[in-house]
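Written below as structure tokens is the structure these notes are about.
Letters A, B, C, D and E name the chains as they come in the text, with residue numbers starting at 1 for each one.
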Amino acid sequence: MLSVRQVSVRYGRSVQALSEVSLDVSDGSVVAVLGGNGAGKTTLLRAISGTLPLHNGAISHGQVLHNGVRIDRMDPAQIVRRRVLQVPEGRQIFTGMTVEDNLRAGGLASPARTRTAARDRVYELFPVLAERARQVGGLLSGGEQQQLAIGRALMASPDTLLLDEPSLGLAPQLVSRLGSIVQQINAAGTSVVLVEQNATMALGVAHWAVVLEVGHLTLEGSAEELVESDDIQQLYLGGHAESEAAAVAAATEAQDHRRRRPTLRAWSG
Amino acid sequence: MGAFLQVLINGTGKGAVFALLALGFVIIYKATQVVNFAHGSLALFGGYVVAVLKPSVGWWVAALSGIAAAALLAVVVERLLLARARFASDAGLAILTIGVDVVLLTEIARRLGTEAAPFLGDPYDVRPIVLGGVTIGRTQAVAFGVAVALIVVFFVAFRFSSWGIAMRAQSENREAAALMGIRIAWVRAGAWAVGGALAGISVLFLATQDFSGGGLSPATHGVALAAFPAAIIGGLTSPGGAVVGGFVVGLTEAFTAQYVSLDFSKVAVYLVMLVVLVFWPSGLFGKVVQSRV
Amino acid sequence: STKGNQNTGQGGGSAVKTDFGVTNTDITLGALTDASGPFKNLGLGITHGSELWATDVNNAGGICGRQIKLIEKDHGYATDKAIPLYGQMHDDVLGMVQLLGSPILAALKKQITDEKLVSVPASWASTNLDSPSVLMVGGTYDIEQLNGFSFMQQKGFVHDGDKIGHIYIDSEYGKNGLLGSQAYAKAHNLALVPEKITATDTDMTAAITGLKSEGVKAIALTTTPAQTASALTQAKAQGFDVPFIGNNPTFDPVLLSTPAKDAFDKFYFVNGVVPFSADLPAAKDVAAKYSAKFTDTPNIGVDFGYASGLVWQSVLTTACNDKDLTRQGILNAVAKTKVDTRELAGQLDFSQPGQPSSRMSYIAQADAAVPGGITYVKPLFESPEAAAYKTPFQK
Amino acid sequence: MSSRPARARADRVWRIGKVVKITAVAALIAVLLLLPLYLPGDWLKVGTWIMTGAVGAIGLTILTGQAGQLSLAQAFFLLVGAVSYSVLTGPTTDPTYIGLGWPPLAGMIGAVLISGLAGAAFAPVSGRLRGIYLGVASLALVFLGFWLGRALPSIAGSTSSGRPPTPFSVFGLSVDVPRQLSEITIAGVPLGRDERSWYLFLFLTVVAYLLAQGAVRGRPGRAWRAVRDHETAATVLGVSVVRTKASVFAISSAYAGLAGVMTAWWTGITKPDESEVVGTYSVTVSIAFLAMIVVGGMGSLPGAVLGAVVVFGLPVALPLVTQGGSGTIGSGTAFTPIVITNLTFGALIILIILFEPRGLAGLGRRLGLRLPGRAPGEQPTGRAGRRRVTDRAATRQA
Amino acid sequence: MTQTTAQQTRSGRRVRPLRVDDLTVRFGGLVALDHVSFTVEPGSIHALIGPNGAGKSTCFNAISGVYRIAEGRITLGEIDLTKTRAHRLAGLGIGRAFQSLSLSPTSTVFDNVMLGRHSLTAGGFLSYGLRAPWTSRSARRHGERVTEICEFLGITRYLRTPAGALPYGDQKRVDIARALAVEPTLLMLDEPAAGMSAGETADMARLIQDVRDELGVSVLLVEHDMGLVMGIADRVTVLDFGRLIADDVPAAVQSSPAVIHAYLGNEDSAGDAGGEPGREAG
């Protein structure tokens, strides 16, 4: 059980990125976190994983508890040892290390005997990683890097997995595979916090979902409830569009705060 | 032929000491991406401690204390200064070590005063082994043995422990490494401790009559400059490379001194380095930094 | 502006003409030295030697009714620091008892010449004799080498037609020593094998290995003490048993407390200025005064500093008699000065422009067993080669 | 979306900032022009030494800060500049030293060009290597220079006494005039060597600065920063990476060459060093230039000048302050003025990096002097961090 | 791939067809592109899709001269791009935005976009250092155009902000602005909508259409958002494991079994995920 209690976060002295956000992740559940750019989703995950100091940020108020123990004062390494694992936004794989070494790094905090089994499982979930085992991480394609990032976190056999926009840059088929992978991981007893722009996928696999808006938790409920909510439909699911043209139109309307684009004339040299 | 063999031995002996210096330099660089301009001062500091303690506690205790002191100082520099300069660039950190270097060098030189330069190699200094026509400085022989032993130890450590992986991981991406449960502070401080200890060991050979003709003096600091080309020739990211680089430097110096001119030998080291870099832009064993879009 | 009025410092009512650095009560001399850099041992020695001299003079009532005041500045052997420091002091001093550092002397030579600021350099290269403002105390390195080789040949270590080696620092110092050995080699048909090193090299292994394979019969050294020790121990280690002859600065008695101490048996050194530890009355007098006042390990610089003081004393006295303590007056006095520095540096003659003030040297050997660590094997002498030698600026 | 008034306000602030800045610069120039009338010669010497450092640092900050190419060869090009000038302007009649007898102005320009060409000749290396590898590779040049300087005494001046460089003069107006003999006076102050050198050096520094500023703000500067930040992107946008790297190395070398000419004038001698570690053209000097640009703030031109004040100015100015009187030197373990200077210098470097990692230029901005027209591509004061503590933008790049 | 007429942009630069002919790229043993051919018709929006690692970005890199190709030819009209030095391509009218951001984070947005004008301008250190009058004229003229382009992308308020300080979505826009600043006849966009919400994606779709409509240039597009691709592309090329598996109009591609199998996934596989198919199924 992971619970975030009224947490506020600041970056530096001025930026207040979260205000009194509370969230419970009960054992074995999948919680989706939705929200626009800059809403504070990543910040929430950092608050849990203890990496805020690396970004000059700090929890200014509130607590984070894992199985009843306060973890908001711990450093990331201690939190990882509690098997709370975060897959950071934007992959952040070790670009200079091979795929294999990336996975080894992922397994550093877990007992040596479990590592081989964990690696085999990662290769099973993401076969392309086995094929590219000796390739340098930085040379993988974007999607392959994303798979590596997830696989690396799985090496520590997490109890709670925090995923930050895992579907970024993944092909559609892989996005749906990702959904099923999250479910598989969850079925094996891992709780998952899933931060996503792809609300369709996220709500498809989550039990519970919350919406963040500029640092405030504005909406929460079971995934089914949220799918039905109008706000969600409009902002995150692109409406019930019949055709693409309609979807575009609907989305443009939803974004009506955007000004009309001026015409770009050809340059006359 | 006699001269050739003698030169080979001289060069190898020097190379071993350069290798020790370069190894420490590379380990620090690999773990923290810091070009440690204070490496010579770490050595000097270790040597100073040995010189101060030797008369009262004897060579062995003094030597061990010196190594420990150099390691400790390295950790202090890392924890107290580098780790706190969180927003400095890599170049900024390198310059910070220059500041450290200036302070240490000035203060140690001041403390050394006008006394005779202390010599640190009591058990082996100026007791050459003569084999046939060639003379082997015992310092060189011991340095070679120590270098080989340490190289094996590090090879094993890198190969069979997670230390190497943790070191590389956190030097590449601190946040991701933290999220892998790697104790960044430990890894970094550990690498500096090892680098400092290696500097502390090498000074026991540097400040000898056999190796440099002089005792511990600010000049010892200058000799440590050879760690630069050695580390680069081997490839900054490769501890094994550092060792090879050390020997390349030692041998190049010895052979050009004999067969071209003494004067030219230092330039020769750098010219060899340039040639290596033109063909292997990241050194002989360095990792080629690849990127893609 | 504050800079409008120029210093024209007339020395007041006395009959003696003055301009810079002289008042009715004081004569101020400068010392630009290295008290913290690579030559701090030498710099401190000379400075302290000059201080001892100044104290002695002042206790004896001063010169020309004036007390000697010293302005000492430390440049740490850095030209960039020395140049502004010189700028800071040059209007306040009559001349300099010490100007240490060949790169610094090179940089300032034009200025001291232009400003007629007579200065004693802390090095003995005859290549600096071109400026009348350079007051060279004692024999130069080339002269020392000539006397040294002459001694070696006398002793039968070297014969005409032999091969000899010379390890020298590529600097004003080393190159001047080399001039001497070259001249000697030419005169006696010796084959000279030069080994060029730099001031910071400390390991002479390669140089010795090289000279050994050349099969030289004797080796000249124009090096630092540490380099000397390295060369001697390496030669010993490699079983290369040849005599060495070193210029004055190649030896420092502290070497006798290093692991190199056993390698000095075949080492001779030549000096124009007596070493601190010499068992000679004048030297012992200076040594006693030094030990009473200072704690630093003494070296040759102390006696040199004292001797430089004696030279200034004689120059000042001459100038005083001429009633002209201006800089020009000092220059005029220098050209007339002959000084007896007692055994410190022998008889010095400054009346020959472009020539060293002395062509005499001692030969000494290191000897840990005797007080001072030195035995004199030959008292002050002038070899015929040295007498015949034409220094670079000799007219 | 920012509203129109907001943007207008931003523009107004920007314009006011510009006015403030122009006023400040004008005041600074006035002060610099008047200083020789008040400062004594030794302090003018400190000033001209700082300017010498500033010229070299401007070149290096372009290379390292703007184009991302590390170089430790600045000392070598200093030597090339000094020697070239001495040879070009040296008397043709001197039997010991080769001289071509050019007038000083032509000699200076020639020396700058020769240094630039020497830098260009390093293209096969400078175009291929990056980062610390290039840094240490370029160090090879310093060693090469050290050796060449001594191997060619008739060109570089021998180690024993060096060769005096021809003092600067143009249109019959010479810099090398003793104060006592000077026929030019301003406000009753005769302009001697030190004063004239000050104006000459000031002029050269300003020209060097303005040239760099124009380039940094314009097309070449953008190409440099593109190469620094992303080689592939630079190529795709039409920048030839290899050519840009090689040319910026040459430009930086030319700057160092000018600094070398100034060094020759300042020291009054062209003389190879005695040691590769300490001396006028030594490794230490190369490192000092690197320290200048880092202390000043990578890539920032005012920063390079401030860096020169700290790195070149402080060590020569402090001894003047601490040795002002007629004090005597202490013992071998005393805290002599130079020891104090060195300790202060080292500590200051540490403190600047610790507390102002973006350099003195960053400090200026923090003190509220946040002015427009700062060299583009300098680190902004925002939350930019170390490369590995990736910020939001960078995390997406992986 | 029938009619390959060149048309004219209003600026007078000829918009030529881009022909990728039998293109093969290898990395060691890995064949990243295997004899791929397709043509981007002038003025069309051409999408390149395929699973992760299919070789889309590699194809972009080959076109823009970043990777050496093993076999094949790439031509823009009559010009053989494979024989042209990489940095000359911008001058030929190829503008590209990257999959991973590659702006200068410390330079201002204006400066970043102005870099795009590099091949349209001239002058080196001396002319700019000496402030030759023509340099400031050119800076003004091109600066105005840069402002225009930034207005078009809605990023004018950031002109003087360091690019690294911008939100991700806006950085992507700066990248596109920079590619447009090249005055391209072929605009290459690698995953322009990645990391954007549905609304922003739709806006991006409009933007791409506007560029094409207003400038008349060709657009080559890599994107995983099928809504966007199918909504605006005139033609779609599908890669899988470096091989071309389809090259057709969107409707045909969407119903091709090979493409569904390799890339889109079907209701069944999505059903595995226990949720609805991705929004891309639109």
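As a working rule, a residue touches a chain if its C-beta (ideal position, glycine included) is under 8 Å from a C-beta of that chain, and two chains touch if they have at least 3 such contacts.
Bear in mind that the values here come from a model prediction, so they are computed numbers and not experimental data.
> From subunit C, what is the lowest number of touch steps before subunit E is reached?
Contact-graph shortest path, subunit C to subunit E, evaluates to 2.
> By mean C-alpha position, what chain is farthest away from subunit B?
So the farthest one, by centre of C-alpha atoms, is E.
> Can you give the whole-Å distance between the Cα centres of subunit A and subunit D?
48
> Any idea how many Å lie between the Cα centroids of subunit A and subunit B?
Centre-to-centre distance between subunit A and subunit B: 44 Å.
> Residues touching two or more other chains, restricted to subunit B: which are they?
106, 110, 113-115, 172-175, 222, 263, 291-293
> Any chance you could list the residues of subunit E touching two or more other chains?
Subunit E, residues with two or more chain partners: 57, 66, 98-100, 102, 154, 167-168, 195.
> At which residue positions does subunit A touch at least two other chains?
Residues 54-55, 88, 92-93, 95, 139, 258-259.
> Going by the contact rule set out above, which residues of subunit C touch subunit D in the complex?
Touching subunit D from subunit C are residues 1-4, 6, 28, 31, 33, 35-38, 40-41, 43-44, 47, 51, 69-81, 83-85, 87-88, 92, 102-103, 106-111, 114-115, 125, 127-128, 169-172, 175-176, 196, 198-200, 294-297.
> Can you list the subunit E residues touching subunit A in their complex?
By the definition above, subunit E touches subunit A via 9-12, 27, 50-54, 57, 99-100, 145, 148-149, 151-152, 154, 167-169, 180, 183, 191, 194-203, 205-207, 210-211, 214-216, 224, 226-227, 230-231, 262-265, 269-270, 272-282.
> What residues of subunit A sit close enough to touch subunit B in their complex?
49-51, 54-55, 75-77, 80-81, 85-88, 92-97, 101, 104-106, 108-109, 136, 138-139, 152-153, 156
> Write out the stretch or stretches of subunit B touching subunit C in their complex.
Where subunit B meets subunit C, its residues are 2-3, 6-7, 10, 14, 106, 109-110, 113-117, 119, 121, 125-126, 128, 130, 135, 137, 208-215, 217-219, 222-223, 253-254, 257-258, 261-263, 265.
> What residues of subunit C sit close enough to touch subunit B in their complex?
36, 38, 40-41, 44, 170, 195-198, 200, 202-207, 209-210, 212-213, 226-227, 229-231, 233-234, 237-239, 252, 254-255, 257-260, 262, 296-297, 299
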